[in-house]
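Each of the next two complexes has chain A plus one other chain: chain B in the first, chain C in the second.
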Partner chain A sequence: MTTRADFAAATDELANRVLGALRGAGGTALVARHIDSAPDTLAALAAVRVLGADTFSPHLLAGTPFHADDAAAVARSLDAFPTPAAGPSARPEERTVAWRDWATAQLLARFGENGAPPAAAEPPGAADDLADTTDWQGWSVRMAQLATLATPGLDGPVHETARRAALPLARGVTRSVLRRDFPTAVRLVRWLAWLGHEGVDLPLDPAPVHEHVRLLGGASPRTALDLAVTDHLLTARPPEAVRT
Partner chain B sequence: MTVPEPVAAAARSMADRALSWLHANRALGALPPGTTEELADPDSVYKPLGETTLAASLLLRDGVAGPGQLAAAQSLMDFTWDQFRQGDMLYERQLRHTLMTDPLEVYAPFVRCGYRHADLDRLLAHRARLRSVDGVELLPNRRLAAANAARVVGLDREPGGGPDWDALARATWLGARPEPWAINWITAYAMTHTVFHLTDWGRLPHGMPPDLTAYVRTWLPVWIDIWREVQQWDLVVELLIVGASLDEPYCRPEDWEAVAALQHEDGLVPRDGDPVDDDPRERFTDHQHTVVVTAVAGSVALARAAGR
Partner chain C sequence: MLAQKTVRIVATPAEASAVGSMMVEPEATVSDPPLPAPEAAGFILALLLMSPKEPKEPKGK
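And then the complex of A and B:
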């Protein structure tokens, strides 16, 4: 039986592989290898689903080739679990997962040979429940859960919302640092860096807080991956320079 | 945006009950018999008496409390003025300690309400002309406290004019518009006092440079949120005063109603989330400051709601 710890271990393992590839450590067909070498295939597939769009980051950010075997592996992970309901009656958590799947499917459709399963490629409705940032505390926590979407080359309703929400995001960063919730802070700084990369004026300089949460944010592979993506966003050239 | 009606309602309740508590418990804040200008521990009774005076003076200044509350505020002022021997004690302390700012700061709220001590006025005018006084190395937010007290007393109308408020503001933590995520508890208190003194407790909403006002408006919601979460009520109430003192007030009904709901029937507002002691003296010592700032918050918000 697959336990919660098995899922966490598999996610860390994949995050480390992605991180290694992002840093230029070889890594051809890293997703396929992750699944083939896993002691627990279900957990390995779930890890792909969790990291989602970030499994493409070595390709998107560092220009490493995206292997056909990886496309097949990502497609398999989307098939392995049902896409959650995303209609008006769906719970926020279900919508969050649906948006992450949407992001994965977008990139798979672009870089995979056979595209993505149609169910995941549909946008999970308008981002209506994300458009209202009045409750910036709860809203920013949800945006932190959607941090894999803060990736060059992805654009959609969630990104449109983010572009109009630099202040709620900056407040979310400030709040999570002061609450010492560093994993959330790391993910929200990633959004801020994404906004900066898009040329949006920011109420908060992302570079010092990025370094601060790097020093305090703990050493989990997923956090390290978020930090690495943020590094790229803060230092990358303007968006047109990113190969898509 | 002005002050929303639910905030005004909460503010009235907060100010009225806080003032009632301060008045009812005033004897617990009396100086020990035989107290002279030499204070072994100025923070124990002397400073709280000054804080009570401040709260009462702002209620009288703003004039937005009911007639009964205004009478209680006047009675409190009379009480604290008597405690300081109608100003003699402040005079003796300032005479003995030229460079100290606390006699001036304690005196200022009395002057606001028409209480004067002729010898102290003359001494303060003399003192204000000394380069030595100006050169004392105070923390920037403390320097603002002394500058605002001098302004209230009227010392800034001396030849040579008042201080360079912008330069004083720039020297503080707030003046640097620092990373808002690197604030801590004690720095938050320093920040609130920078705002209090620049705006003279809400009387001069334009007293803050516009960029600092914009900075505070941007981050105040976060600071109120995180210190509400850890139940640092004393600091939360100070942050509410900050919001009510801004050029365009930031007063969120939910924050004000949360504090109003915390207030005990007798007017006490707990300083934090710890249990409140039953002993009257302990209660006074522990929570007097929070009740003072609650009275101030209520008065400032009501004054802003009334367009003053």
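And then the complex of A and C:
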């Protein structure tokens, strides 16, 4: 049986590959090559599932080609780790996983030749459980878990919720920095940067916070990938259809 | 072309649960600011005791 440590190691390895591709060191079919060269195929597929939509970031942000082999590899990861049921009775963690899988499936449907598995491509509801930001502390932690959705080209109910919640997100960033929980802070700054990229007025400038958490956020490849996506969101031009 | 295309792999519930927990990492526990190590107190005290005395003003000048 493959252990969580094996999954974590494979995830770090894939995150490093994606980072390399984002920085221009990409080759061909990085996801397929990651699975082909892995000693443990299941762990390699788990890594694709964990990174989810971020697997597409070299293609989305740096224009690296997304190959048919890559699409097949992503579809295979969704097949190997089926999306949990995300009905009204589902736990928040299950719904969070379902939203992350939805984001992956959306991009797979867009860039893959054969589309996404039908189950994962369906949105897991209207994100009603994210609409209430009264408990902004717990809410912001969930948004940090959904940080892979803060990607250019993705839009859905979670993004609509985020557009209406710049203040709770800014509070979440401040809280996580004060708590010295820098991985969470990095993910929430990514959401703020996404909102800024979308043209939403922000109560907190994400750029200096981004620099702060970059220095203190740790050396995890997953965190480095979040930081790289945030870099792009802070420096790229906003989309034409700016929302306020 | 890819050998994996012909082999369908499905994770066990335990493996799927492990991957699911990696996708929803909880926030970290609160970390306190750095504090001086208590075990260093003896070392600092020894340095104070072993340090040379202050030089005195020479007499007769």
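By definition in this document, the second predicted complex is superposed on the first by the 239 of 244 C-alpha atoms of A that agree within 3 Å, B and C clash if a C-alpha of one lies under 4 Å from a C-alpha of the other, contacts with A are read in each partner's own complex, and residues count from 1 in each chain.
By definition in this document, a residue touches a chain if its C-beta (ideal position, glycine included) is under 8 Å from a C-beta of that chain, and two chains touch if they have at least 3 such contacts.
Fair warning: this is a prediction, and the values are worked out from it, not measured in the lab.
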First (chain B), second (chain C), both or neither touched by A:V97: second
Partner touching more residues of chain A, whether chain B or chain C: C
First (chain B), second (chain C), both or neither touched by A:R179: both
Contacts of A:D40 with chain B and chain C, given as first, second, both or neither: neither
First (chain B), second (chain C), both or neither touched by A:T11: second
Touching partner for A:H212 - first (chain B), second (chain C), both, neither: first
Partner chain in contact with A:D231 - chain B first, chain C second, else both or neither: neither
Partner chain in contact with A:V141 - chain B first, chain C second, else both or neither: second
Partner chain in contact with A:L204 - chain B first, chain C second, else both or neither: first
Residues of chain A at both interfaces, chain B in one complex, chain C in the other: 179
Chain C - residues contacting chain A, complex: 1-2, 4-5, 7-12, 14-16, 18-28, 30-31
Touching residues on chain A, where the partner in the complex is chain C: 1-4, 7-8, 11, 32, 35-36, 41-42, 45-46, 49-50, 52, 69, 72-73, 76, 79-82, 84, 93-94, 96-97, 100, 141, 144-145, 176, 179-181, 183-184
Residue ranges of chain A touching chain B (in the complex, touch as defined): 136-137, 167, 170-171, 173-175, 177-179, 203-205, 208-209, 212
Residue ranges of chain B touching chain A (in the complex, touch as defined): 179-183, 218-219, 221-223, 225-226, 229
